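Chain naming follows the written order as A, B, C, D, E and F, and within any one chain the residues start at number 1.
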Amino acid sequence: MSNPVTILVVNVNTTEEMTRSIAALAQQAASPDTTVVGLTPTFGAESCEGNLESYLAALGVVDAVQRYEGSYDAVVQAGFGEHGREALQEVLDVPVVDITEAAAHLAMMLGHRFSVVTTLDRTVPLIHDRLLVAGLTTQCASIRASGVGVLDLEGDSPRVTEAIVQEAKRAVLEDHAEVICLGCGGMAGLDTAVREAVGVPVVDGVTAAVRIAEGLVGLGLTTSKVRTYAPPRPKKIVGWPLPPLT
Amino acid sequence: MSNPVTILVVNVNTTEEMTRSIAALAQQAASPDTTVVGLTPTFGAESCEGNLESYLAALGVVDAVQRYEGSYDAVVQAGFGEHGREALQEVLDVPVVDITEAAAHLAMMLGHRFSVVTTLDRTVPLIHDRLLVAGLTTQCASIRASGVGVLDLEGDSPRVTEAIVQEAKRAVLEDHAEVICLGCGGMAGLDTAVREAVGVPVVDGVTAAVRIAEGLVGLGLTTSKVRTYAPPRPKKIVGWPLPPLT
Amino acid sequence: MSNPVTILVVNVNTTEEMTRSIAALAQQAASPDTTVVGLTPTFGAESCEGNLESYLAALGVVDAVQRYEGSYDAVVQAGFGEHGREALQEVLDVPVVDITEAAAHLAMMLGHRFSVVTTLDRTVPLIHDRLLVAGLTTQCASIRASGVGVLDLEGDSPRVTEAIVQEAKRAVLEDHAEVICLGCGGMAGLDTAVREAVGVPVVDGVTAAVRIAEGLVGLGLTTSKVRTYAPPRPKKIVGWPLPPLT
Amino acid sequence: MSNPVTILVVNVNTTEEMTRSIAALAQQAASPDTTVVGLTPTFGAESCEGNLESYLAALGVVDAVQRYEGSYDAVVQAGFGEHGREALQEVLDVPVVDITEAAAHLAMMLGHRFSVVTTLDRTVPLIHDRLLVAGLTTQCASIRASGVGVLDLEGDSPRVTEAIVQEAKRAVLEDHAEVICLGCGGMAGLDTAVREAVGVPVVDGVTAAVRIAEGLVGLGLTTSKVRTYAPPRPKKIVGWPLPPLT
Amino acid sequence: MSNPVTILVVNVNTTEEMTRSIAALAQQAASPDTTVVGLTPTFGAESCEGNLESYLAALGVVDAVQRYEGSYDAVVQAGFGEHGREALQEVLDVPVVDITEAAAHLAMMLGHRFSVVTTLDRTVPLIHDRLLVAGLTTQCASIRASGVGVLDLEGDSPRVTEAIVQEAKRAVLEDHAEVICLGCGGMAGLDTAVREAVGVPVVDGVTAAVRIAEGLVGLGLTTSKVRTYAPPRPKKIVGWPLPPLT
Amino acid sequence: MSNPVTILVVNVNTTEEMTRSIAALAQQAASPDTTVVGLTPTFGAESCEGNLESYLAALGVVDAVQRYEGSYDAVVQAGFGEHGREALQEVLDVPVVDITEAAAHLAMMLGHRFSVVTTLDRTVPLIHDRLLVAGLTTQCASIRASGVGVLDLEGDSPRVTEAIVQEAKRAVLEDHAEVICLGCGGMAGLDTAVREAVGVPVVDGVTAAVRIAEGLVGLGLTTSKVRTYAPPRPKKIVGWPLPPLT
């Protein structure tokens, strides 16, 4: 049980600073024997705030993982509400944990209902649909947008925190949420401030996913391969894997 | 109302013969004033039978449409259970109709419950999840796999038809389906044979989608742009659009 | 595909002016080869705004269709939230399209969630239950009443349009609807005004149903007869069909 | 609390022998102070086994009640899966109990899941939809058809009982039902035989409805009139009430 | 049918005054041949307003019934949202009716949607979960807290009634409830005042449960013993039944 | 992050051998810095296979934890499908993890659908209801009974394993499960044998819960106290806490 564990934490956008800060927080939240490796897609958008960007992220993440040459024990997909987890599960043998789902899973164990506070209003339906496909909407009281864009999170200004706190408070008072999930990979690190301001547990998906990934590795559990996530059938594919970086 | 209409019917795999046969059937089912243009992605798998292939299709279809230089009035995405419709709706102003959804919508108007008969068992969960996200599972009695691979459909052999007919009969007798949806773009053209053998209406998604697309165009209706499918925000994207074909 | 098509558009109330205006809008929205025939029940209420009136409409519509002596290819039931579609499907061989369902089906392809704006508050539960039975509530954000009675719609006064626009705006802002369905056959014709005022697609059920009916006819699809909508068993019935008009 | 109570038990078909046997069983199951009055529609089918017949029953039942000149304290609609309860609730001030719902309500208090055993397969979707609209499908394990027609129930032959017992046993063994509801007004009286053969509680809707109606009367409870079941608005109606019997 | 019936009405808390007032109201609402016996647990909290107290009530109620030495025909568990009904059904042969469920069942027959108005906000999720397990949430518009503690109900002060009336009005206006259920055994007796103030039917669970219990007894129906509520298997149990009172 | 963690693993029955084996497996699956302490209730049944036993377990577990005098960081309730988790969350400040939920949460991350294989058929509805209340039924393909009693698990005979394997295989083949959860605390240790025989991931709730508990502790997360799980209000309680052991 005490073997060292390596977890790839893959950002969904191409902003390397965001990868660095996510990976640093993930490392900090991880068990002492765990090494976190942050990866950035070579392909895709500087931030994911819509459908096309989410689909680009799906492939960008798979490409980043397949391009990685080291060994690893689990993969965390660090995009909230983004596509792609199913493809990772299909092509990998190690456990894959999506931060959207990780946050919801832990939140469900901490209160009767949870809410998500995310960035822009336009991403709310994307998060809803990802929770729906994962079977995680039943205890979800609401998904609320703070109006803060993904890249605006980088500065961690008081205004940003305040906007998130305001929506979290509304989720508790109006929607009867008892737990808040931070609805963007880039919000990792804001959990303490929001919890102190709102008075309920605040779950950050990145750190939640790292801890769940450690658990799965420790238990020797990984993705089922009998049906949905069986390895791809051998066939002719054009343009994939992406050509080597030049 | 009598203006000529052009509909792009976009295959989700790179098999051009399949594009041709789908487009031919679509043209045949269309109104006299409609011109169907078949498009094949330049990127992706020769058939879509899994998650990675489905995500490749999502981008392959958007790329194929964006690369097309003619004018058009609507787009049909001709993959059953594939990802990508949301991205098309986001980047386009014309109506987008997915064949999975089109088949389900019409089937719901023809009987109390419908079933889908598709190709391989591994694609059943993908189809389920796409129907779920579209709000179309309530009247779905079952999704059944015939065990026939996508490319095996090309030959239209009696064995293939027989496998589909067998599952369709089981759907009617055991699952109480009253309508059958053909669960693969490559099954277009088998509807008559299956209907005659099973005795219930059989909906092919490609032809259903073309007729619905015509209806939307005729009514002047197109995708709402206020939230989920608002145009992408201006931002830096790497590797997209895909570089020009060489 | 270019054969002429005749569609019966059957009003659910006995107000002939409403039949005429509905039929005129339906004809205008139809394909050039389609002939719309408006029918008015000889039995029932001058407007449908409640349960008894809805059940009267159910029989009134069947009676009107059975009394019609011409030939036709499809039937549209032009009452929003009214009973009776199942009986029509049972007694007819041609496709039957209910405007409540037609509006919802098209709306689901145009946005992530839709709302219905209808007449009186008391009809909201009736519309809800009809959508529920058709499996169409999942993507429905809300059903809102404008407070306008059915017959008050005839005048098309600015006040009426304004009341509908107000509720439609609330549906978009408060309920996160991305598409609006006009929740009364008598609202046909207001779609342009509401769309311009609210900025989202507006679906009128009558024109939606006509286009869907055309599509079903063009595809050779009609109601499944294996179970729910099998022809009535031969038996003794008193008082039906209604005696001839005197 | 000991005041005498009169309950109208309204058959949904025009077969008077069935009305008589239903009313006799209802009287036998009622409290001593209750008088049951059986009513037969003057309008409709000799048995309800489909959609048109169900809609005829809806109006036939309202007409029969409105034609009744005595006083009464509650109305039981004695058709399993039939339409019309909403209209009765709208036009009456006394409580209305539908036998489909009454059976389900009591069954839910007697076991974790219940099943319905009804007559013909074609009526299964009708019963489902009525339970759905009443919010009563969650604990329903299955609705099974015995293949026995409504009028074949009149003879109460051993073959009929056996067919019902067989399906009830399958419901318990295969669908995990713990309680059986008899799915036809004409099955009233078979409960003892089925219970003894199957070993689980068997609920007959007619007697269940009578007892629930007595309870509502005793508690001074009746239909809410604030929205869905408010009295019809004054308006012009053609052909209703039905002309006097000649 | 005219045999005398004895119903045990078991309070869930140890406050004997509350038992007395509940039993008196139950007796008053019962049929003339019914005798109501009020029981108070010897074990548990003076009021149930949370999870531990609810679990104490579950055992306290079973203990009180098993300790009762007289004969009886049915048991009513008089706690709104409390645990324990399943254990009673398992150990008893007579029908068991929970007031939470009884109120919801009757309310569903009186209007399209119902709301519950209960005591403290913290009990709302408990009531929700008990309705959920019983399959009774579909028609529930809302569960609202009045902010009145259980023991504050004993005085029946105008302030208490006013707080309940205020929430009931909100339920009707904002949540579209058409019927109100009083969400605490201790609210029995407030139904008339609330109904008069709000204008919709108000269901008190205690009196509802008594009437339903009478009906089940009259029909000879009791809990199914084939699966969920089969008698406990013989086994060694420590500390139960509770030792005799000293 | 490297602080030592103590987790109380509380058996739900009074069989101390079962506590010992559960605790040993929990310790083995835990991280190196984690100490597992097994607790046995002093109150309750030797095995939990029904409703009364489950309610006894609810209090027995709370009592065992409150009686424990050492310090601890988290509590695992080691009963599959048992009541009581809500009460523990209410009275404790540390995280509480129920093994039923823990198994389902991890299983949902390993495959598209999971099934539970449990002991006796009579416990299936209890497990279902606990998953339902936790919002975890959506991805649950089935809950199957092996027919093996809880105490028969202690011997770990080949017959027992075979019975579980048979049902697990049926779950995969007939219900399309991709992951199996072992549905009894006493099955801990059978996961390897079942996985090897069935070929899909097998999740044991006890070890799953320990790893999740470690994660919550590591992340500084614990139960929300704002509503459902707020500390009990101060009030008079009779018979609780249980009197000291003599």
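For this structure, a couple of remarks:
Everything below uses one rule, namely that a residue touches a chain if its C-beta (ideal position, glycine included) is under 8 Å from a C-beta of that chain, and two chains touch if they have at least 3 such contacts.
None of these values were measured; they are calculated from a predicted model.
Set against the C-alpha centre of chain F, every other chain centre is closer than that of C. For chain A, the chain with the farthest CA centroid is D. Same interface as C-D, judged by over half of the contact pairs sharing residue numbers, among the pairs E-F, D-E or A-F: E-F.
Chain B and chain D, compared by their mean Cα positions, are separated by 44 Å. Here the spacing of chain B and chain C, counted between their Cα centres, is 27 Å.
Chain A and chain D have centres, each the mean of its CA atoms, that are 53 Å apart.
Taken residue by residue, chain E touches two or more other chains at 112, 124-125, 176, 227-229, whereas all remaining positions touch fewer. Every residue of chain B that touches chain A in the complex is listed here, in rising order: 14, 42-47, 49-56, 58-59, 62, 83-84, 86-87, 89-91, 121-122, 124-126, 129, 132-133, 149, 227-230, 232-233, 235-240, 242.
The touching residues of chain E, when paired with chain D in their complex, are 1-2, 28-32, 95-97, 101, 105-106, 108-112, 134-136, 138-139, 172, 176, 178-179, 199-201, 203, 207-208, 211-212, 214-216, 218-219, 221-224, 226-229.
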